[in-house]
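Below is the structure I would like to discuss, written out as structure tokens.
Just so it is clear, A, B, C and D label the chains in written order, and each chain counts residues from 1 on its own.
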Amino acid sequence: MNFYALFAQLLELAIALIMAPILNGWVNQCRAWLQNRSAPPLLQTYYTLSKLFHKDVLLAHNASSLFRAAPYLIFSCMALASAIVPTLSTELIFSPAADAIALVGLFALARVFIALAGMDVGTSFGSLGSRREMLIGFLAEPALLMVFFTVSLIAQSTSLSTIVETLAHREFVIYPSLAFAGVAFTMVSLAENARVPIDNPATHLELTMVHEAMILEYSGRHLALIEWAASLKLFAYSCLGIALFFPFGIPSAADPAALVVAAAILLVKLAMGGFVMALIETLSAKMRIFRVPEFLGTAFLLAVLAMLVHLLLETGQ
Amino acid sequence: MIELAFVLAAPFATALLLGLFGHRRGAAEINSAGSLLTLLAAGLLTMRVIGEGPLILFDEQFFVDPLNVFLIALTALVGFTTSLFSRPYMRVEHDHGRLSAARLRLYHSMFQMFMCTMLVALSTNNLGILWVAMETATLTTVLLVALYRTPASLEAAWKYFILCGVGIAQALFGTILIYFAAERVLGHEGGALLWTHLDAVKTQLEPTVLSLAFVFLFVGYGTKTGLVPLHNWLPDAHAEGPTPVSAVLSGLLLNVALYAIIRCKVLVDGALETHFAGNLMIVFGLLTVLVPAFYLSRTKDVKRLFGYSSIEHMGLITFAFGMGGPVASFAGLLHMTVHSLTKSAIFFAVGHAAQMAGTQIIDDIKGLLKQSPTIGWGLMLGTLAILGMPPFGVFTSEFMILTTAIKHYPWATPILLTALGVAFAAMFGKVQGMVFGEPSVQPLSHNPALLPVFIHLGLVLMLGLWIPPYLADWYRQAARLIG
Amino acid sequence: MSPSLIHAIPLSGQVINLCAAIMLLLGFAMLSQRRVLTLINLFMLQGLVLFVSTLIVALTTDQSHLLWSAGLTLILKVFALPYILHRLIRRLSVKWDIETLLNIPTIMLIGIALVVIAFNVAQPISQLSGTITRATIGIALACVLLAFLMMITRSKAVPQVIAFLAMENALFFAATSATYGMPMVVELGIALDVMVGMVILGVFFFQIREQFDSLDIRHMERMKDE
Amino acid sequence: MHEFLLIDWVLTTALVWLLIGLIGVVFQHNFTLISRVLFPLGAVCGLALAGLALSGIDGSPQVLVLPIGLPDLPFHLRLDALSSFFLLLLGATAAGISIYAAGYIRKGEGTAPGLQCLLYHLFLTSMAFVLLADDGYAFMVAWETMALSSFFLVTSEHRHDEIRRAGYLYLLVAHVGAVGILLSFGVMAGSAGDYTFDAMRDFPTLGIWPTIAFLLALFGFGAKAGLLPLHVWLPEAHPAAPSPVSAMMSGVMLKTAIYGLLRVSFDLLHAQLWWWGALLLLLGLASAIFGAIFSTVQTDMKRLLAYSSIENIGLIFVGFGLTLIFQSFAMPQLAALALVATLYHCLNHAFFKSLLFLCTGSVLHATRERNLGKLGGLIHRMPWVTWLALVGVLASAGLPPLNGFVSEWLLLQSFLFTSGLPQGYLNMLLPLVAGAIALIAALAGFAMVKFFGVVFLGQPREEKLAQAHDAGRLERIGLLWLAAGCLLLGLLPNVVITLLDPVTRQLVGSGLSFAASSHGWWLLAPISEDRASYSPAIFLGSIVVLMPLVYWVVNRRFRRRLKRVPPWDCGFPLQTSRMQDTAEGFGQPIRRIFSPFFKRTREHPSPFDTQPRYRSLVEDPFWYWLYLPIARIVGYGTRIIAFLQQGRIAIYLLYSFVTLIALLVWTRG
């Protein structure tokens, strides 16, 4: 394997780990501005994390080893995920390791474990949270896959690198299907990252919380890891959106200089993406849990439409 | 020569003997001994026929060919096992006070007499004597069915007598018509009722007369075979007679009646060169397969249940012979064999089961497996066998019949499928209830003779996995005879 | 048949035809008859006719064994069976069989229809009948069917049995006078069976009566699956 | 005597199984012999069979004619790639299950161990014969023997009448299906009633007949596989049976149905019409969705698994149908891809489903409970079972890097590259089917989280669970074997695909081995690397590296104590185990979303109840749509026919009379 790929991979991983909390902070900041509150500092997430890391772990009596292992597993899954998504380069050593479908599988793995962890202690809220998380999950996953299918039909491939290659460096073509896919993807990523209107990461109101309910029993470093993993997930999704729908500027040729440029472009894109997300969160209100199926159903439908549009307009049939 | 004489004489002599001493203690043993003697003689006769081919004996009045010799052997075998079974069974009945000594005597001698008539009917060459034997068989069995003298048994016997008597009368008319037709070819003294002669000249016989004759014979012997809608005597007779009698009724009498039909079919086919007889048998066969399947789910009496199942299988066999051809006829003969073996085995098991429960009502018999595993397994396996479950032999013949049917008579297969499905659902459901579950039955006063059950089931199992070559060619020859 | 044929038939044949006609007549008479005693007498008459016709056939086509069977008929059907039946009804005191299952006129109509069918069915057979007596087989068939009908319509045991025996007669008639006799063994066998059957029935009647204290077979309708 | 070929060895192994069974029933009072010698021996036979099949899979077909059977039709046996593959499946799974059963069987109520030993091994033998049979008769005999032996195993606890009912339903459906198969053989049979498969291969069935044969076969095998709407027996029979038997039925027996249909539609009927495939695909999809949805709302753990089996069978049929479609449009490469996915999933399902059933068996023994509402917190009592069950759960939820994911990945791949079929509609529909598969996979994940979470995690919902004990040694070995299988099948896809190559070549005349092997063992790229690629090895590897790394870093950098405290739960005071989600509760969202699918009856407490209780019963609507109507029709028929039987002798005489007259008139006219 070539060293460029290795280097790019490491760089990407590093950026992901560092930038993820900041992105999280950035979104909160934007939201605060939009709701004209005084904004928390950009690095707020880092402060929280370090605080948590320095605290003792309070572990429920009947918490099992699975409960304790879960945070590490979830964290590594998310790290891997953000390493797989081609953000800086399409020449990555991990890119053959997992294609779009495998990526979805990876997210699913993390979800299953966090849900199991939520059930482990056996409190009323924990299992409630897991139930809702799985509900959202099984609705979001197919929608996400359909989005991927659309783009992979365009690129005739499910490997992310190839997709980005095709979309970024082919002569410019307008794909109407991508519009639908993009909307669907946005809806899905809102749901997956526990954002308003599906969930509210800020709330601890028992009856509405989903993600928070699962991790109620976590504390100290475990909680820190999970929070970090959550922000990694957000980062990965944003990068994914960028890679699929705004892939311009991701270099294909193997030269380090291009990497720097790409990193800069990436930052700009992320900033914009974060702002858009904050905007959406501000403009919409949290919905009842049983409206969620309709919401995600719509996303699924849009993705299906995208595929049909592709099959009708963009292939010669 | 001498073998056949023995085959016929042994049961007759035993019958007379038992008519005198049938109430004594050794009667059951004498009964078995007589049957054993018959079986041995039949065995020798079979050897002889395999060795030397068809025999014509006693100035042509008797005649043994592959078709009837295997039925003779079968009859002798089932008769023997039944006599073994009836020994403890009748003891228990006697202990329960359902039978007096005099009745036992009647039972024993009539049983042997019945065997004798069966054998005569099978081995005779003269259609008239065939008829006489069948009639006599009816009379003896009427006495056997009425053995308990309960209202139910009298009713059953009466219906049996009237329906079969009338039926048999039609058969006589048919026989007369055949004679009438044959006499014009063979002349008066030419043995116009001897099957061999008729077979020789069958192509010259007058078609219209023979077709009419066949209608009468079919209705006549068909009544005895239990073809729908002539079957109504059968469940009653099976339910009310003593179980050994039910066993031989299902196992033997029906076969013999069917045998008579087949013999006549051969002549009619020869004379008509159309598929008239075959079509008749196909239609009635299908009807007979279909209708009892629906009765099965209604009946509450276990012996009636298996009576209906006998009707159904007779229908299947009739259908097979109706289709004709080497495969179907082979299957029909095989099915005759396995059916009479399996069904009699089932009746043995059922008889003991009913004695253990003190009733024949299905819902009151439960948990046989727990109380007496042998009876339970016997009943369960027997039922599965009769329902056409491999590796038992019944499946073998049903396999051939069904596959032939879908090749040549596809329209018939839905009917067969429905019938088999419904029958399976009904019978298996009921039997499962009897065999499984918490026991409601008491152990018996004499330990039951289950050897017969397992001999039969063992034979059926063997026939399902491996048909001995000589048996196979034997069937083939018979099938060729039937055409 | 056309007159020319009638002249062609010798006397014996004509007598047999006459017997056949009488058989049929008796068949109808029994069908319509209510009194059991008369029924038995009619049955006896039938037996007598049977005897006569058999005798004639035996004499015309000198077959010795037909003489035997004629004698057998005389003994069995004219003396033995009627005697047994008389005894039975005296012992069981069943004189009447008032209620038939259908009313008499209807039965008669059906009977006539049956005769038509029987003749029609038997026609081809009698066409190629070599014997001088053509129509007899048709008549025999008609008698069989009439007896059958009678069995269906009678609701008491004894008349039913008499009908059964009448059917036996008709068959015998067919056997002897239509086909000029079956082989001896067969006739013996048949006769024996009838005899034995009769005896068994005699035993039966008593059993039935003591179980159901009547010979009305409508008591015996319990066995069915519901 | 010809020299001892591979097929002879295979046959011998199968017969050894039978022999073991017979020994077991002969020495049925010697319990130690049965449990400590015979069953392990059976496991060894399983291994041997797997080894033989492995070595035979790319050999040339071998045939053998036994001296038993019909006079003109002795038993023909044949060992080719297809049968070898399924024999491999049988042997490998049986090895695990047998060794588990050795530790599992107990004396006590139900069928005696000796008899169970016989039935169990008869079951194995008959399945082996089903896979070997090369003529209609031998196949049917083996097939029905399989049904019978499994029926007696299912009803081994026949005291309970719901178990009797389950067994009855099972055998009824199995038998009716078998008649269907028989008739299909009848249709395909050679002109002169020759029922050998060779004759059927060569004999061209023309016109409507191939379709009839296919539909009959589909009916028969579908009934055995639990395809909609013939699935009803499955969720009854699997819970009723002892767990090793459920494992065997769900893991292997259902696959024999797949084998049969593959044999018929590719080998005997040569995959003629594309709509056969479409039909299969639709039925499979329906079953998969139905099974997935129903498994999420079950409250009995074995029922849950049974419905999930229906789902997996559905997926297998989807792949099967796709293969047929490609084959009928002469696209061997894609057909090979779909077929690989199908067979791969057969293998995977065999492993993880039997693993899960065996785990439920251990739970059952430890707690005497099948009801999810009464379990929980077993991870503390039975760690072995829990962690091994977790492997099965992840696998059956289709999560990387375990085996379930690989086959689903392959299946999705085969769906994504369907464009270019001559059928416009299919082109439109197939990608949507892919979406549906995604939904199904996600639902499976839901069901599995419910299963694992409710049974093993949380607090014990009953006091008696405190006495629960972990699985015994032999049981652990069995579980370990199967779990290892799940892992390896997930990690070494290329090996498996190369293994499957002869099979696909036999059936669709093309294979993936080249594309697969061109990237080395660690990278799976069925078509080409830039088309799609997946490397479970790297996947697992990186997680395995990352996790300890993170752990090490975190615990090294921040040395903090770890205190045990009562759970916080938003500061709610009294926490009891009754407050956790029950199985019903967990399934409630699904019930709500898919309410039209269910036939439910509920019982709500009113505010004034002194003993408030909530009951919600979810039933299979097919009973009410299909089966009860049929039963009603039959009942109607019986009533009509019973009217004919009046018990009056006059009526009976009338019947004969009318018959006679009618026949006479008919003959004359």
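Keep this in mind: a contact is a pair of C-beta atoms (placed from the backbone, for glycine too) under 8 Å apart; a residue touches a chain by one contact, two chains touch by 3 or more.
This structure is a prediction, so every number in the text was calculated from the model and none was measured.
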Contacts common to chain A and chain D (chain labels): none
From chain A, the most remote chain by mean C-alpha position: C
Two chains sharing the most C-beta contacts: A-D
Centre-of-Cα separation between chain D and chain C, whole angstrom: 70
Between chain A and chain B, centroid-to-centroid distance (C-alpha), Å: 79
Rounded Å distance between chain B and chain D, as computed from the means of their C-alpha atoms: 44
Computed distance of Cα centres, chain C from chain B, in Å: 31
Overlap residues in chain C, where contacts from two or more other chains coincide: 121, 124, 148, 151, 217, 220, 222-223, 225-226
Multi-chain contact sites of chain D, meaning residues that touch two or more partners: 642, 645, 649, 653, 660, 664, 667-668
Per-residue overlap in chain B, given as positions that touch at least 2 other chains: 158-159, 162, 166, 170, 212, 295, 298
Chains that touch, pairwise: A-D, B-C, B-D, C-D
In the complex with chain B, residue positions of chain D that touch it: 67-71, 136-137, 140-141, 143-145, 148, 155, 158-159, 161, 164, 167-168, 171-172, 175-176, 179, 182-183, 185-187, 189, 193, 195, 634-635, 637-638, 641-642, 644-645, 649, 652-653, 655-656, 659-660, 663-664, 667-668
Chain A partner contacts - residues on chain D that touch it in the complex: 376-377, 379-380, 390, 394, 397-400, 405, 409, 412-413, 416-417, 419, 424, 427-428, 431-432, 434-436, 438-439, 441-443, 445-446, 448-450, 452-454, 457-459, 523, 525, 529-535, 538-539, 542-543, 546-547, 549-551, 554-555, 557-558, 560-570, 572, 575, 577, 579-581, 585-586, 588-590, 592-593
Contacting residues of chain C [partner chain D, same complex]: 101, 114, 117, 120-121, 124, 145, 148-149, 151-153, 155, 217-218, 220-226
Residue ranges of chain A touching chain D (in the complex, touch as defined): 53-66, 69, 72-73, 75-77, 79-80, 83, 94, 96-99, 101-102, 104-106, 108-109, 111-112, 115-116, 119-128, 130-132, 134-135, 137-139, 141-142, 145-146, 149, 152-153, 156-159, 161-162, 204, 206, 216-217, 220-221, 225, 289-290, 293, 300, 303-304, 307-308, 311, 315, 317
Contact set on chain B toward chain C in their complex: 61, 126, 128-129, 131-132, 135-136, 139, 142-143, 146, 149-152, 154-159, 161-162, 165-166, 169-170, 172-173, 176-177, 179-180, 183-184, 188, 191, 193, 206, 208-209, 212, 235-236, 239-240, 295, 298-301, 304
